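In the two complexes below, subunit A is the common chain; its partner is subunit B in one and subunit C in the other.
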Partner chain A sequence: MSAARRLLKELGEARRAAASQPGGGSGGADSGPDAAGKSQAPAQPLVHLEPAGEEDLFHWRAVIAGASGSPYAGGRFELAIEVPRDYPIAPPAMRFVTKVCHPNVHLKTGEICLDLLKSAWSPAWTLQSACLAVAVLLTSPEPDSPLNCDAANLLRAGDLRGYNSLVSMYTSLYATP
Partner chain B sequence: MSDTQATTNAADPAGGAAAADARPSDEEILRYERQIKAGEMEMPLVGDMVGFQRLHEASAQPEAADQGLAGVAPAQPKLTGEYENGLPVYMDKIDHLKKTCLGMRSVRKDGNCFYRAFGFRLAELVWENRGLPWHRAVLERATATKALMTTMGYDMSILEDFWEKFEEVLKFDKEDRSELATSFRTEYISDTVVCYLRLITAALLKRDRDLYEAFVLDSYPTLESFIGECVEPMNVESDQIHIVAMSNIFGIDIRIANLDSTRAEKGINFHEISPMEPMQVDQSPIITLLYRPGHYDVLYPRPIV
Partner chain C sequence: MGDWPHELVPFAAMDESLRCAICKELLSAAMALPCVHSFCSLCIRRHFQRKLQCPSCRTPVQGVHVLKNNRLLDDLVAQFRAIRDHFRQPLIDLLAQRAAAAAASAASATSPGADGRKNLDGNLDDPNPLASQGADADAASGRPAVRSSKRRRTSAAPTHSQDARLHDPALDADIADNDSDSEFEDKPVKVLRPARPRRQQHSRIDQPGASSMISPSSSSSPLPPGPATPLSADRMLELQPQGDDAVDCPICAKRVLAKRLNAHLDNQCRSDVLAVLAVPSQTDTQPRRQPKPSVAYSILSDAKIRRKLEEDGLPTTGTRAALIRRHTEWTTLFNANLDSHAPRSDDALRAALAAWERAQAEDTKAVQASSFRPSTGSHDATPEDTMLVQSHVAKYAEEFEMLIQQIRDRKARRLREQAEAAAAGQASASELGASMATGPIASTPDADGAELVGGGFQPEDASLSSMAGGLADDTSSRALPCLDELELANSLLAQSDVTNAAAPDLSGPE
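Here is the complex of A and B:
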């Protein structure tokens, strides 16, 4: 039962954060942050974080924005989050719904290889901070523990140009609205 | 048991004499490892207190006192059994334990054993000392951890449950002490307490960085990476630094009996950890643990009269 209590608190936090963020929330004029946000802090990568359904706190949906200057720029990546009953002692299960080309993300299933979501989880993390960690993972891949060997091999071979153009292609094909 | 399994399952082409010195295959090793882990998961998170004397007698005798709680079999740590063919140094130490201790209480070997043993014994001591000055002093220290957490950037509104469960076991006031063990056998309560202790350890390491950082920088790039890998996550084994932190947070002495192969001068050697700011209270109790390489259990020394 305490999982629900904790999730309600996180929901409150997430909504407060979204409200205090200029141009936050989903929809609206989305080209804003890139132009306006440059002089200040970098644009918030977490665009959306809400329970997927009205009455179910155990399934969430998140959208993260690809970092500008990276091959993910301009992309919107949707995450499906499943919260176990013993959350927050056990980590949430997260996967990409949007097809994303990344060494640590399975191209077909969207499975994410991030120690934070497995052995390194601690209840001090929240769904929000875990989503932000996934956003950070996008631009700091770990090619030595790959779920997508093709992407990882390009990086391991030092072919940054090839890697960037492959990722950009997937971003524009699958993640650009 | 594993022997028969190994021979029946081994796809050993030579067989016969060659089998005697054949190494088990990786698969067999993994299977054996899983078997051990599965067995361990059936052990209670916190066992009953058992005397050493009874351990090598008929261990089939069930614990009469432990009724209720379906599926929770009392732990039967057969110390002497485990060490039956061990080095004499172990046997000497076990003999010494039998003479100087009332018994021990085993804790599940899941990587959280130090925190679970410490948390349980702390709560038990608080209960034993209810009404005494130390009781109030330790509760004050415990309450102060909330402020420590907030100062170090942990969001206590999100971690409220963790503090509440910890406070609940510290304020346990039933007449029947066995109910405290029941709480610590309840996975949700037990793990929540372990987790809270891990988080306050992390907060302390961050606050007193100067004191602790030097001990981890040999193996980790930053104190934060050590905390992220070895302190905050569950099921990661504890080391000296975790124990020192607990001692400092609660102002309590921790004595650890070393049941390992190191020589002891008198009976068994103790590793003693004292807090930097001990409680200024008479008759402060001490937490005594039994260490075997990779594992901690609770130890109950005989009171010194």
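Here is the complex of A and C:
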């Protein structure tokens, strides 16, 4: 019950942020611990955040934009969010629907390795701030706990050029509208 | 948050900061952690069941006992809630009016639009005209005008501050001393006045008592007219301690509990004000409820947990896990309820618990229903995955058919054998009747051999046939799920094949 109430509030917040975004710009960024999300990209990385269906508040869909200047630039990455019933206490489950080449994202399943979505979750976070955290993860990979060993190995070997071209290939193949 | 118009940013900010970070509602029974972040009691207690750290700053905490009531926040929330309920709409209307007026004046071309805009802003900076306007709008919208002549003098939200006072007897006493007339106007029930008949009081007023100090209204200022007088007198009578352990105070002639008399006198009869107000909370309601301790369920037997539930009048059905969950939630609800200003009754809590349990049941049903859908596993099947599954199914279609056929044959044979055994049982029953007449016969060793061959059958011992029947029963009942198991195994096989094939390069721990 309380999960649904809170999700409704978040939905209102997300809609308001979406409404204020085209006009004002800075508008609806969450006050949560997502300062990095705001600083790293001039444009809002979170393009879209809505429930997947009309009826169901517990399945959401988000679209984040790749940060300009990174190999993900120009890409639009779709996230599927599944919200548990004891939501603010338990973290939402997120995964990429769009194929993403990233050391901490599983290439096939889209699973995301981010402590925030597992052990480090705090109920003070919101879906919005979690999406922003995922957007930040794209540009700051953590190759030491990889889900995609090939990408992580490139990074660990210091082959930045190889990594960047691989990522931008995947981005242009799968994530460019 | 969002329901404040753009011009009222400070209100929106205040709204935001009075909300619980967990449920995003206005704080209810705010509890402060050692790091002085505050959350709703219920929210933070639920969070602590999972993780003992502050949700905002991740500071580790020891346990539930570190939580402290943050009454100041509670009061702030109560007042802000009242402000929001009573003044938000008038303010918004006012803003709209001004905007319309500004637009009109701009349109009439006597002054440029910037001027009207400036006018609006200037008014916004000064809260007073807004507040008084808001109060006017209140009165105009049909709300009873409680703030008769003092409206301008009192603050913008007089009723709310009184609401807050309601819970603080000490404060009440102070107010009764120096502000009693305004109290009379607004809240006749709360007048603090001895309930003894006036005559008696006058007879004792020469004593060095403090009755006039406690309630100057009764002796010095005229009593207010209207229904306030009998009401408050009745109320005070009610509030006074009654019964054997109450005695008359020799100084102020009020009835005081005997054990409180000394404290009452030491305080120059002032404590009486507190005592009178404190008494109903102890005698009217049940004895003070204590918070429930947390329970180490792992060392308790099911029966003990049931007994615990029973003691609190809760249902004792369900599995052990359900019992534990119910008792945990009950403890959480109960303790969180104790933290609030006006705790609800146990019955209300029980209703809340029942509602919670229903919601849980529905949720698990919904989750199960959704997890049976093939698409919502850990991830949606990609087109390649489904293709792999289909090719696998096509490749082994013959073998699947064969296996299924085998199972069907086996099942049919069992059924046939069962029918035969039943027939044998009937036959042997009649045989038994016959043999009873002739005398007992030794069990024939050939009989079960014949049965095993399964061709014709021989009349045999009743016990043996019933045993065979039982055996057949047993195997046939096992044959049924066997078919399901096979199908399940098939699908599992298909699944695991797919995942193996689909993820050869999947690697590494996360």
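We adopt the following convention: the second predicted complex is superposed on the first by the 158 of 177 C-alpha atoms of A that agree within 3 Å, B and C clash if a C-alpha of one lies under 4 Å from a C-alpha of the other, contacts with A are read in each partner's own complex, and residues count from 1 in each chain.
As a convention for this text, contacts are C-beta pairs under 8 Å (C-beta built on N, C-alpha and C of every residue); 3 or more make two chains touch, one makes a residue touch a chain.
This one's a predicted model, so the numbers in the text were calculated from it and none came from an experiment.
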| item | value |
| --- | --- |
| Side-by-side fit of subunit B and subunit C on subunit A, or clash | clash |
| Subunit B versus subunit C as contact partner of A:Ile89, first or second or both or neither | both |
| Subunit C versus subunit B, contacts on subunit A by residue | C |
| Touched partner set for A:Pro123, first subunit B, second subunit C, both or neither | both |
| Touched partner set for A:Ser2, first subunit B, second subunit C, both or neither | both |
| Touched partner set for A:Ser140, first subunit B, second subunit C, both or neither | neither |
| Contacts of A:Glu13 with subunit B and subunit C, given as first, second, both or neither | both |
| Touching both subunit B and subunit C, residues of subunit A | 2, 5-6, 9-10, 13, 86, 89, 122-124 |
| Of all residues in subunit A, those that touch subunit C in their complex | 1-2, 5-6, 9-10, 12-13, 16, 31, 80, 85-86, 88-90, 95, 97, 104, 106-111, 113, 122-124, 145-147, 149-150, 152 |
| List of subunit B residues in touch with subunit A within their complex | 154-155, 157-162, 188, 191-192, 195, 198-199, 202, 228-229, 232-236 |
| Residues of subunit A that touch subunit B when the two form their complex | 2, 5-6, 9-10, 13, 86, 89, 119-124, 126 |
| In the complex, subunit C residues that touch subunit A | 1-2, 16, 21-25, 43, 46-47, 49-50, 53, 55-56, 58, 355-356, 359-360, 363, 367, 378-380, 382, 502-503, 505-510 |
